[in-house]
Structures are given as C-alpha cells and as structure tokens.
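Before any comments, here is the structure.
As written, the chains take the letters A, B, C, D, E and F, and residue 1 is the first residue of each chain.
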Amino acid sequence: MKYGARNQVQGEVVEVKRGTVMCQVKVKIPAEATMCSVMTLDSLDDLGIAEGSKVNVVAKAVNVLLTTD
Amino acid sequence: MKYGARNQVQGEVVEVKRGTVMCQVKVKIPAEATMCSVMTLDSLDDLGIAEGSKVNVVAKAVNVLLTTD
Amino acid sequence: MKYGARNQVQGEVVEVKRGTVMCQVKVKIPAEATMCSVMTLDSLDDLGIAEGSKVNVVAKAVNVLLTTD
Amino acid sequence: MKYGARNQVQGEVVEVKRGTVMCQVKVKIPAEATMCSVMTLDSLDDLGIAEGSKVNVVAKAVNVLLTTD
Amino acid sequence: MKYGARNQVQGEVVEVKRGTVMCQVKVKIPAEATMCSVMTLDSLDDLGIAEGSKVNVVAKAVNVLLTTD
Amino acid sequence: MKYGARNQVQGEVVEVKRGTVMCQVKVKIPAEATMCSVMTLDSLDDLGIAEGSKVNVVAKAVNVLLTTD
C-alpha cells in the first residue's frame, strides 16, 4: 500500500471529539508529538477508529506551510 | 506569534529542490523524521531559507488524512 | 516572521461563530471586503482571538481557485 | 453562478509565470492588493486567461489560516 | 463560465446534513457514484441548494491523492 | 485498508506528465470520466505508477467545492 504524499507517519489515536457533522482526532506520533486530523463523522465511522487505534497520518506537501520567526 | 492550525513542529531545512515555478523543501524534525513542503519559488525567496535554516512546519487539521491498514 | 504563502493580508476579526468542533471566523480586510476562515475550536482558543482582534489571513496559492464568467 | 466558498473577490490578471507542469497567476484585486493562484498549465489553457483578463478569485474557508503576532 | 481546476463533474444533490457551523452535502454523479463536499452553512445558504439541486463538483488536482494497494 | 476521506474511486492511469518538481497524473475512472492529481515527482516515484497502473483516487470532502450555474 503506497500513498502519493510526502508526509506520512504512523501513530496511535489518543482522542476523538465528535461534533454534529465533523470530528477531530488526535494522534500520538513518535517523539512525544501529536498530530490532529479533522474529518466527517461518516469518515470516522468508516475508519472504525477509537482511542488506541493505530493509524497512518498522511498529508500532501502542497498543504504544508513553512514559516520562519 | 500564534497559528490557527493544529499541526505545528519546528525543524531544520535539509534539502531544497527548485523547479521553474514550484519548489520542494525537506525539513528534518525531531525523532529522525522528515516533513516536506511544496511552495512557489517566490515564497521560498521571501522566506529566504536554505539548507540549515530553522523553520516552523504548519498544517491545518482539515488537510490531514488518516488511514488504517 | 515570514510565511511560505503567496496570499497574506492583515485584518480585524468581526465575527466568531462557534460550533461543537469547528468554528467560523470572519475578518474585515481593507477595501470593505471580508475573508472567512474555518478552524477547530482548539485552534481558536490557542489563538485567543475574539471580535476586534488583529489577525493575519494566510492562504497558500495552490488552494486559490480562479474562474472566469 | 454561485460558489460554495466563503472567500470570493474579482480581480485582473497582472502576471502569468509558466512552468513545465504548473503555473503561477498573480491577480490584482481592489485596494492595491494582489492574490496569487497556482494551477496546472492545462487549467490555465482551459481558462484562456492572460494579463488583463478579469477573473474571480475563490478560496474555501477551511484553507484559510489565521495567525496573530 | 470556466474553472481553473482539473476535476469537474456535474451531479445532483441527494443529501444535506446540517451541523452548527459546517454541513455535508452528498452529490450523485454519473456511473452510480457519489461525491461529498463539506462547506459552511453560510455557503450552503448562498448556494441555495437542497435535495434534487443540480450542482457542479469541483476539485483542484493538488488536493487529489493517489494511492496503490 | 481504509481512508478517512469521503471521496474515493478506483481508476487507471492514462497519462503522466513530468515537470521538474511536480507532475500531473490523469486517471480514467468509470463512466468515461477522468480525474487528475498533481504531486511531487518523489511521490510519483514512490508510487511507482505509469500508464496502465491501477490507482485509488482519494479526496477529502473539505477540498471539494460545489457551484451552481
């Protein structure tokens, strides 16, 4: 299984916050960091994930912004 | 300085690949991982970054996709 | 402080509409125009913005669509 | 003609920079500001725009990031 | 009317699910497939669409991800 | 294998156009339609796809725009 995206990391779901249409999922990745994804509740249900689930976190490079101080 | 984005990490630029309009920037983040951003050459020049520069890597949660095996 | 994004403008928050997971923030920019951002409530709280706050509005060029009539 | 996007403004193309796959289009909008869009050359050719063309600049609110100093 | 986007298809709205800030719209496209868009309620109201409405579904190529099994 | 995205369809690569940093991939999907993805050449090489390859086309609903005439 391969993705056409430059940013990929594996992690574990640590929190799922459900809204009415959307939800927010926090994922613990290595190095004590967390990443966050927002998706529809329908997608959440399709994924069937909950706290403790192993997931792949994927982001296309065009949607990653760099800034400097 | 604060961002309205759930995904933020600091890193160091390790590679800049310039095209004709766009460029690709690889950033080393903690835990031996790298992230990648694609932006216009104009933005790269504004940022004034090169190998070794310290940058913040920012991504909105809506653009982060989760998958399971 | 610099951003790797082609679209940047300063403005003032004129409305914040909170949902259960997401929120919508309207920003008045020069020339009597308004722009709108949707983000998580968590990001809103991190930003600590409310009506009257000064903010920077940032969008990557790849996410800007042009159309003609 | 209506769009399901919160950010819409009309402008005039002031520069087109062509790459091999992508291109960058600068659009002058009211209030002496410019916005920038990156698209494929194929889309540019479909639009049939050049310097001086009138265009609509459209961005979904989820892809607009707010920051504070 | 033309769009600077590589992915365009016409369809018919088959479901609208309203949240507090966002909503989810399902669109039936040819070949028995459905596509899905998430937008703000404000955009939904501007569009004035409901079940049975004819809409154009538009996505920029940079936001389309390819994967292989 | 599951994705947290509402828009998913299988197709066959019919064209790959390589630039210096980015590339554009056209995918034939059922019903005589084509979809298009832009990604980095690095991602293309990781995917290892070429004309004739079977791929999954994935897009998050937040990046899908609806319009009406």
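One rule holds for everything that comes next: a contact is a pair of C-beta atoms (placed from the backbone, for glycine too) under 8 Å apart; a residue touches a chain by one contact, two chains touch by 3 or more.
These figures come from a predicted structure and were not determined experimentally.
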item	value
Chain whose mean Cα position lies farthest from subunit A	D
Equivalent interface to A-F, taken from B-C, A-E or E-F so that over half of the residue contact pairs match	B-C
Distance between the centres, which are taken as Cα means, of subunit E and subunit C, whole angstrom	22
Rounded Å distance, subunit C centre to subunit F centre (Cα mean)	29
Intercentroid distance (Cα basis), subunit D paired with subunit C, Å	17
Two or more partner chains touched - positions in subunit A	1-6, 19-20, 22, 24-25, 36-40, 42, 47-48, 58, 60-63, 65-69
In the complex with subunit A, residue positions of subunit E that touch it	17-20, 22-24, 36, 38, 62-63, 65-69
Residues of subunit E defined as touching subunit D within the complex	1-6, 25, 37-40, 42-44, 46-48, 60-62
Subunit F-touching residues of subunit D, taken from the complex the two chains share	1-5, 19-22, 40, 42, 58, 60, 62-63
In the complex, subunit F residues that touch subunit E	1, 3, 5-7, 9, 24-25, 27, 29-31, 33, 35-39, 47-49, 53-69
